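Below: one structure in structure tokens.
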């Protein structure tokens, strides 16, 4: 490396989890449909006379990626010029500093999905079978600028985007189920000496990758493609503009016959759909309905609950987990008000809840937050010891350590620490230090000074 | 008396009074179809079960009356072809909103009528299933694209009919066949389930023997439809109610008679005569002068509308016909006829990268000028009146090979159609030698069909035939 | 403004984009037709449109949506969906092989 720099851009399609399709009332559930072609109607089957009527919910669904967006007509993107920050963990681990990278997003817009093709051979003839259950499913398209330089950055970005989409509850964004699809485009830039010049002259070609059904495939395909193109350049060959598909079996990318250049024509506003215009107030209303996103939540958890960066990251990984955590914190705090001395002494702190959730990974679907708090409390009692055991151990130490006892009675403060140490030792390190200290003091008070 | 010659309103009244029976009516209609359809080539399909369906609809407002429907409306149980080989044998799995409403009100689709293939034309000669003849004079064209529906009404092969218009496709054949045809305001009637031509222009509408018949039918088919996002949420009035309002005190603008192509023609004469009729009835009639730019109290020349209409319509056609690939239904794209190929290809060019801005966007700006011009004119005039066509029905064969035949025929209705305005064409003159008719096109502002009906009805009741 | 003259070669390119099969003779006919039509269309550029906005919807309708509800009354059964298809297989539409892998 060093001689070349990979230039990677992403085009990501995410199927929105609306009840119905983008332009018709057909059920939007292509993955779980029991049979092909059972969710179609005049509109999504492209029958004569079928007219699109946009789904209100699909139009209101959009991630808060961009800073300034304008929505005017359907033929115009819903959002332009946004960005998403990712943490870039440098490959060279000599420094622990994470570099914040801004990946620019060229545009976000809503479109509709196509029917699904399955390739088959029937009576010796190679054919494609078409299922229109997916046709017309609302799709958000996110196109980035070619701002990625490493596979790690791509990985980070995709995970972050997936997390945001799931936070917004707009899609399962599941690559295996096809509700999140990825088309990376890769080219290789030979690095010249003029490193001072910040303007990058992008290569004149790019290779688009298809058939990528998981994060793992994405990684492998991009890595393969970087290697392939680099090797070509090393041999003095020039890679060409091309669409290639990832073959998981062979572990290689293979050229695909590109679809016809259907994008080259029919640029005009859809006359069947009256124009959409949003008032500023409507946009701010929509904005206010956008839930707290992962980064904001993580910050807040660190500030409010004193969680570490690492813990907060894990606890806010999904909205569900984060909500569960906050619910548990609420339960723990509300029981504090009961006035029960014992519970007050056994305060379950947010940190403790977070630790428990991270270490024990409780099944949050099965265990209610209140149950979780009880479990933590019970466990801390079990791990601790009963009050009887504590008093037993104290009795024993008082009996055995007569020297220290007399020192204490003479007023030597260090003797208390010594006795406490002995009790803890007797209890084999178990027990709450605070409780043990109190109980010990109570006992010593009986002896007087 | 032959019952097939009855108007819709009269037939309904007689049925109600039990002076005639549905059986008698259908017998005469079916007889007329049997006798004339081979020669005229009006119906592509006739529903043999129509009488049975009519009996079940007797109690409904339209009483089971036989209505002819243009073959671009999807009808369950009757093939729908838009007169194109591409859709030959296509059996719709769903019903158009218009025919659904028609049936729910007791209308019966007696058959599907011939048209220019894909509604591309003004002659019904471009049908892949042969031309329709004008029942008034068999050597002449019925006009189009709703030529079959207009001819069905003129030939008494139905009680009334449904057509569709993009620019002139209802009014011009109605005029040429000597019947009444109405194009409503864009968005008044649902386009759902109608084979689309120009989506920003298409309007389904009624064709009848009288103005009142059209008023009855329009009320049945009009109104908001959840399956067409461009339909208006305004409720459609009962159009029959205001028919007799008269024209007293109305301001009527007479348009396009000073167009160089019309000066001194029979159309020019007929329009001026019509103007005199309105004046006699108490309206104030003024000639609205043609202008080459938007100026107060003048009307923008229709000359620009030809190019504008060509761009908008060809573009929308190429987009609407992109779906026909022979996979889900119909035949593949090699089955498109000459005219469809011509329009799809030109539309594709117009909307291609680099040209869309030049042509389509510029055209839509000129369209705004027409809209602005009409808006101003309707501040002065209650209705505008013109001819729907530059002349009488042309002889069969006239359209052959002319790529702009329809655009020139429909020149006089293109500006108002591009503005989405409603218009009704009623017969205003008959040439006793040829038995061919001229129409009078009455146009109103958006959603003001009622005003238009009142003017049309008054004219219809006061015109003296056979001078 | 004047549109350049169409040649049969131009038509062939457009026809391909429009997925319309045309014969050599049709290419010639279409080119002639296009030239005649565009002569008329070019009149449009004589109009001074000034600052006027392009029309987006003739009656000024705006923001028309449907609620996100499933409409089973409009959904076809598989049988209805496939009713008019020439080639079907186990509930699928069948087309010639589309993409090489």
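Every chain is named by a letter (A, B and C) in the order it is written, and numbering of its residues begins at 1.
Going forward, a contact is a pair of C-beta atoms (placed from the backbone, for glycine too) under 8 Å apart; a residue touches a chain by one contact, two chains touch by 3 or more.
Predicted, not measured: the structure shown is a model, and the values here were computed from it.
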item	value
Centroid comparison with subunit B (C-alpha atoms), farthest chain	A
Between A-B and A-C, the pair joined by more C-beta contacts	A-C
Core chain by centroid distance, with centroids computed from Cα atoms only	C
Where subunit B and subunit C are represented by their mean Cα positions, the distance between them in whole Å	24
Subunit A and subunit C, separation of their C-alpha mean positions in angstrom	41
Rounded Å distance, subunit A centre to subunit B centre (Cα mean)	58
Sequence positions of subunit A contacting 2 or more other chains	41-42, 45, 53-54, 130, 132, 264-265, 271, 273-274
Residue numbers of subunit C (touch at least two other chains)	17, 56-57, 61, 64-66, 74, 76, 81, 93, 95
Per-residue overlap in subunit B, given as positions that touch at least 2 other chains	90, 93-94, 200, 226-227, 229-230, 318, 322, 327-329, 348, 352
Of subunit B, residues touching subunit A in the complex	74, 80, 82, 87, 90, 92-94, 96, 191-196, 198-200, 226-230, 315-316, 318-319, 322-323, 327-329, 348, 351-353, 356, 360
Residues of subunit A touching subunit B in the complex	41-42, 45-54, 130, 132, 264-268, 271-274
Touch list for subunit A against partner subunit C, complex	18-20, 24-27, 35-42, 45, 53-59, 73, 117-120, 122, 126-132, 211, 245, 247, 254, 256-257, 259, 261, 264-265, 269, 271, 273-277
Touch list for subunit C against partner subunit A, complex	17, 56-57, 61-72, 74-78, 81-82, 89-101
Interface residues, subunit B side, partner subunit C - complex	90-91, 93-94, 185-187, 200, 226-227, 229-230, 232, 293, 303-304, 306-308, 310-311, 318, 322, 325-330, 333-334, 336, 338, 341-342, 344-349, 352, 358-359, 361-369, 371-372, 403-404, 407, 418-420, 446
